[in-house]
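Following: one structure in structure tokens, then a few remarks.
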Amino acid sequence: MTTTLSPVTLKAVDGPGQPERTPALEDLYRGFEQELLVPLWTEIGDLMPTSPRPAARAHLWRWQNLLRLAERSGDLVPVGRGGERRAIALANPGLGGAPYATPTLWAAIQYLNPREDAPVHRHTQHAFRFVVEGEGVWTVVDGDPVAMRRGDFLLTPGWRFHGHHNQADQPMAWLDGLDIPFVHQVGSAFFELGPDEVSDRSTPARSRAERLWAHPGLRPVSQPGPTPSSPIAAYRWEHTHSALTEQLALEDEGHPGVVEPGHAAVRFSNPTSGGDVMPTIRAEMHRLRPGATTATRREVGSAVWQVFDGAGTVRVGEREWQVGRGDLVAVPSWVPLTITADARADSALDLFRFSDTPIFERLHADRVQVDDAPA
Amino acid sequence: MTTTLSPVTLKAVDGPGQPERTPALEDLYRGFEQELLVPLWTEIGDLMPTSPRPAARAHLWRWQNLLRLAERSGDLVPVGRGGERRAIALANPGLGGAPYATPTLWAAIQYLNPREDAPVHRHTQHAFRFVVEGEGVWTVVDGDPVAMRRGDFLLTPGWRFHGHHNQADQPMAWLDGLDIPFVHQVGSAFFELGPDEVSDRSTPARSRAERLWAHPGLRPVSQPGPTPSSPIAAYRWEHTHSALTEQLALEDEGHPGVVEPGHAAVRFSNPTSGGDVMPTIRAEMHRLRPGATTATRREVGSAVWQVFDGAGTVRVGEREWQVGRGDLVAVPSWVPLTITADARADSALDLFRFSDTPIFERLHADRVQVDDAPA
Amino acid sequence: MTTTLSPVTLKAVDGPGQPERTPALEDLYRGFEQELLVPLWTEIGDLMPTSPRPAARAHLWRWQNLLRLAERSGDLVPVGRGGERRAIALANPGLGGAPYATPTLWAAIQYLNPREDAPVHRHTQHAFRFVVEGEGVWTVVDGDPVAMRRGDFLLTPGWRFHGHHNQADQPMAWLDGLDIPFVHQVGSAFFELGPDEVSDRSTPARSRAERLWAHPGLRPVSQPGPTPSSPIAAYRWEHTHSALTEQLALEDEGHPGVVEPGHAAVRFSNPTSGGDVMPTIRAEMHRLRPGATTATRREVGSAVWQVFDGAGTVRVGEREWQVGRGDLVAVPSWVPLTITADARADSALDLFRFSDTPIFERLHADRVQVDDAPA
Amino acid sequence: MTTTLSPVTLKAVDGPGQPERTPALEDLYRGFEQELLVPLWTEIGDLMPTSPRPAARAHLWRWQNLLRLAERSGDLVPVGRGGERRAIALANPGLGGAPYATPTLWAAIQYLNPREDAPVHRHTQHAFRFVVEGEGVWTVVDGDPVAMRRGDFLLTPGWRFHGHHNQADQPMAWLDGLDIPFVHQVGSAFFELGPDEVSDRSTPARSRAERLWAHPGLRPVSQPGPTPSSPIAAYRWEHTHSALTEQLALEDEGHPGVVEPGHAAVRFSNPTSGGDVMPTIRAEMHRLRPGATTATRREVGSAVWQVFDGAGTVRVGEREWQVGRGDLVAVPSWVPLTITADARADSALDLFRFSDTPIFERLHADRVQVDDAPA
């Protein structure tokens, strides 16, 4: 990952609008190199494509493989100061071996052994956890213990101290999502160590943040005004499930609500603003009825999808995979995506999605194109 | 610039929190590589530094060198379809030879021969021109001819068709600034060719956009509402100069207005919102009285400064340069910057600055730290 | 209420800065009258007081009296086209007999007999219902049937068609709140009749709007973006009660959340923006522990409070009342308010409050002053 | 203006939906009166009209009459503490003799004798001055002297100390506009006396605020962020005139810019936000070519127009007037307005307009309807 001083090296290229290769041109290019300059005319095709040509690739990671390697790491790798977390990140094959699921998003499996702790720290990167299976870990965010259970979506917005501890006799693994690649690229990373131990080892079913904020359409009068990130520490599966169930029921009754036929979706939102949960990350849960197919969509910006339940097919550009619980797919910018729920399944296909869309919306660079659904 | 499929390669490292190097660990790491995974514990130091540790370096480019090479390019390199522009970009020594002045910003010298044209195209990247010397070129933005003269700051917001033509008998060179690296990194680049010829070759002193919008505190009733980018096609030097002059005069009279003693500064702004001229780029003009020194500031985000007039010293982190007209300095994120105007000069030091600050402000990631002025 | 052409009539007054009363002055004033002019110097004391001197008065209306008269109206007054609603409004004693609880807010008791209907119409005035007792009525808002039950807060934002029907064998009465006086004053009232019958007589426990929107921190992906008013048709008592209960429990545990000691409060909010439920009306539920007293507050803008449960004392300026279930108090702008919960009660004092605060906040005219609690 | 305690008095009315007049009904109404209650069914026609039925009337005030009476007041009425200002307000014939041009807007002629002072004070009401003729007065706003000249539009946003002094040997009169009626109605008026004398009697041609802020598209870096009101103390006629001239020139050249054929218009705006100059008041200058006619428009909210130059016809609802320099017209909410410039005139018709539109836009209650131009 560390970039070393690398002098510019240029080579004349052929093609429309390119200068004739002559000794004089070579001489000019050597002059560019000496002064650390690069001409536009040799780079424009790559820098300014007709539509986004991301270096990132569409790729699938199987949860079972992640889990197997995480368990093995549980045997060999300690959790403590220095390493900080036993997290193993998806490395997109197009991004030069960097631990980046996409150019902006980090996705990792994190693993804690029974009775194990992860020390307290904070950073400007925004983080969330999504629990595809298991329970027993509490993440303590600014002193507030937050239980982690299957289906829960948990927030650790930037610059909040947080540590984890596993109270159970089984190990626990979950998905971590952060904006590490984006923050690394633009240079806004700050980090600070906290105590080695979490301050509060109590194990309440609900966090104080939820007790204060997780009431539909209600906010405490003592805390007016918008905050950049959501104050809701945990979005519980019971609520997500019931919201998705209602959308499909409304569809059955002939009322609006679903995104498209057979496709229900909710966005996790910031109750103080109605916007996304954190400034750089959008998170949603999608549910497809058995046999339902999404329209084929391209979006500016990248996303990571994780199957929460059920089975189906995910098609990204030219790639297509049969997916099941926990499987993760990286979707690069502007690559067409189609998802189909297994028609023979008796339950729906539930998928968790997170993306960098808020970055583009805030910069007025968002674009979406819906193609015709595949035949 | 094109990234090829590169498999992950991991090596065990030593240090606090690192697992013991054993055959089993090597075996685990091979497993990570096969599954395209990278552990956090080996990368965290680089990914999550205590404060930003940008790959980009502080660097100076001398205008005279740029100009010499641009002139030579004028002899050897055509301007036309394919290459599109005779623009030569600053390549930050820390960024692997890419034509990036900083991780987010592109800065280039563009050069047109007498009577020469640059063909029409548009792209989602936001662009501006700043003219350090010369005149005679008109840039035609969505059909509106905009004269370019010394000291002028001109806008080409994203997705506006634009072409240039030089009406003069002398060549002309100027600074181009864009958000190409940012757009390339996040994958939001769209590009479209326009006609080979600009539609309107007239040469008015003021663009229609200025005639409609460049009146202090006034906006046309026919165009209400905010627009993401400023509708002012050109910010003329006469206004910038007079605003800076007034700030120093107010300081002489004991009234507020300057940023700090001897330091006047104006921000080019979007009259429909009061915000920055374009969603990703902030642009300002600064003036330092002879002998004046700025406080030492660090900012999250990167900037490029160009000397417009006068002489002085620019100190960025450990580097320090004596600078004069046209010289360009790249300032990486969170590296302390101090600028001093030559005390023996009889005129002020004027500097143009552009930065990616709007990105951070819109994502609530902006930070500034003012250190004590250097002894 | 209708204002007839009334010629200006002026009389010279005495006092500081007043001109000497002379025949010439009288002559001048007759000239003013002829030209429909009024001098500032005779009016400034009333128009520009040192602090707000509202015409409205603090006043108490007893629910039992309202109910008795509403029941009598049930015998004598039909509900149908023309009269539209059997609603009886509070007329503030300071406002010249107009049906205004305050200069901006309308508050009325509405009453429906068993099996009775109120016809469908819509208007730009924003409306809500708050149910202090009873059930059995459904209000149908743009075709969506919304059940009304004790403790529920229900919305009918501007320009939504709505009608009511009582499905029960008992009559039902509730509180209506609107911005009728404000809209009447500024002249933005539009009104349109709908069908005489509601379109959907079904009686679901929850409205479709709730099924889509009343999930904590979740919003349907199919409906992005903010809306001026909340899409939540009904805020159910179970949620309000639980949010208040949690705040007091957090206080018991030593954590923040309450407004002040012993005083919990939630604001009904718009999940698409985090702001108030409707552009002109703020609505909140407050709970005071037995014996708790609020600080004495003055606020710019007016409010109406209704006791939902419990007993206590309300002091507004010089007036003070012992209050119980359903009692209504008008609080004019900038008049100090103190509320105390009966110390001998075994249950808390719950109060519903609505105010015009959003008008002032959006116009940057909001002010609050907290005085010391009364000895 | 002072409202005294007035008991409710009700009378049964006839009409659709009205209860039968019986002794029992009369008895019920007496009960309402005792409890300070008013039924909706007798008031709904007035309170909830199909479209706004403002009490205010369209009315014209002739500048020559105002000026004559103002001059006479100059002889008889002192300016000083108590009366504060020699201002004479338009009293709309529909508003019961109150000094209100419309339900929300105050418009007055203010008059200062040679060498006369108006003492310093401040208030939450937002104020502006518009100068239809004359010069020689400086208004000192928070210590900054602002020259007043023909065509200038000057701001005194809420809560800024301000006083005036006439440095000339001639008297001066101008138009004052404020939101006094709105503030009085909603109860947000605060007022504070300042020194009897202005602090700075210097007479610069431009205020410090202008020197800092009145540069097209430029803002001082030392003052970032939006402010509720514009920091530009004076919008000078030279800029307004040139902006209007350019719009008509662009129209001649076949380019967009004017509101409609022959009708140029600029809005005075807040450079820190792009919005209106003050939270409650919109101000614009309009120019109609000789013979040009505006489309007939209705708008929610009220406005006052003053002829600045030229001659023409103003039609408001059923009323129509021939108007000339200085004449003032009140336009109530939703009453259709058409303005025609005298076809025989050799110069354009220039009109200043101010309205309460920002109130409605911020509350999402704005509506506009453009009817066909009159035959």
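As written, the chain order gives the labels A, B, C and D, with residue 1 at the start of each chain.
Note that a contact is a pair of C-beta atoms (placed from the backbone, for glycine too) under 8 Å apart; a residue touches a chain by one contact, two chains touch by 3 or more.
Which chain is which protein? Per UniProt: A, B, C, D = Gentisate 1,2-dioxygenase.
None of the values given here were measured: they were computed from a predicted structure.
Common neighbours of chain A (Gentisate 1,2-dioxygenase) and chain C (Gentisate 1,2-dioxygenase): there are none.
Farthest chain from chain B (Gentisate 1,2-dioxygenase) (centres taken as the mean of C-alpha atoms): C. Spacing of chain B (Gentisate 1,2-dioxygenase) relative to chain C (Gentisate 1,2-dioxygenase), judged by their CA centroids, is 53 angstrom. Spacing of chain B (Gentisate 1,2-dioxygenase) relative to chain D (Gentisate 1,2-dioxygenase), judged by their CA centroids, is 44 angstrom. Computed centre separation for the pair chain C (Gentisate 1,2-dioxygenase)/chain D (Gentisate 1,2-dioxygenase) is 30 angstrom, with centres defined by C-alpha atoms.
Every pair of chains meeting the touch criterion is listed here: A-B, A-C, B-D, C-D. Remark: chain C (Gentisate 1,2-dioxygenase) residues 208, 211-222, 224, 226, 230, 232, 235, 239-240, 242-243, 246-247, 249-250, 255-259, 265-274, 277, 284, 286 touch chain A (Gentisate 1,2-dioxygenase) in the complex.
Contact residues on chain D (Gentisate 1,2-dioxygenase) toward chain C (Gentisate 1,2-dioxygenase) in their complex (touch as defined above): 1-3, 5-9, 15-20, 22, 24-25, 28, 31-32, 35-41, 43-44, 46-57, 59, 61, 65-66, 69, 72-73, 75-78, 80-99, 103-104, 108, 123-125, 158, 180, 182-192, 228, 279-280, 300-302, 332-334, 356, 358-360, 362-365, 367.
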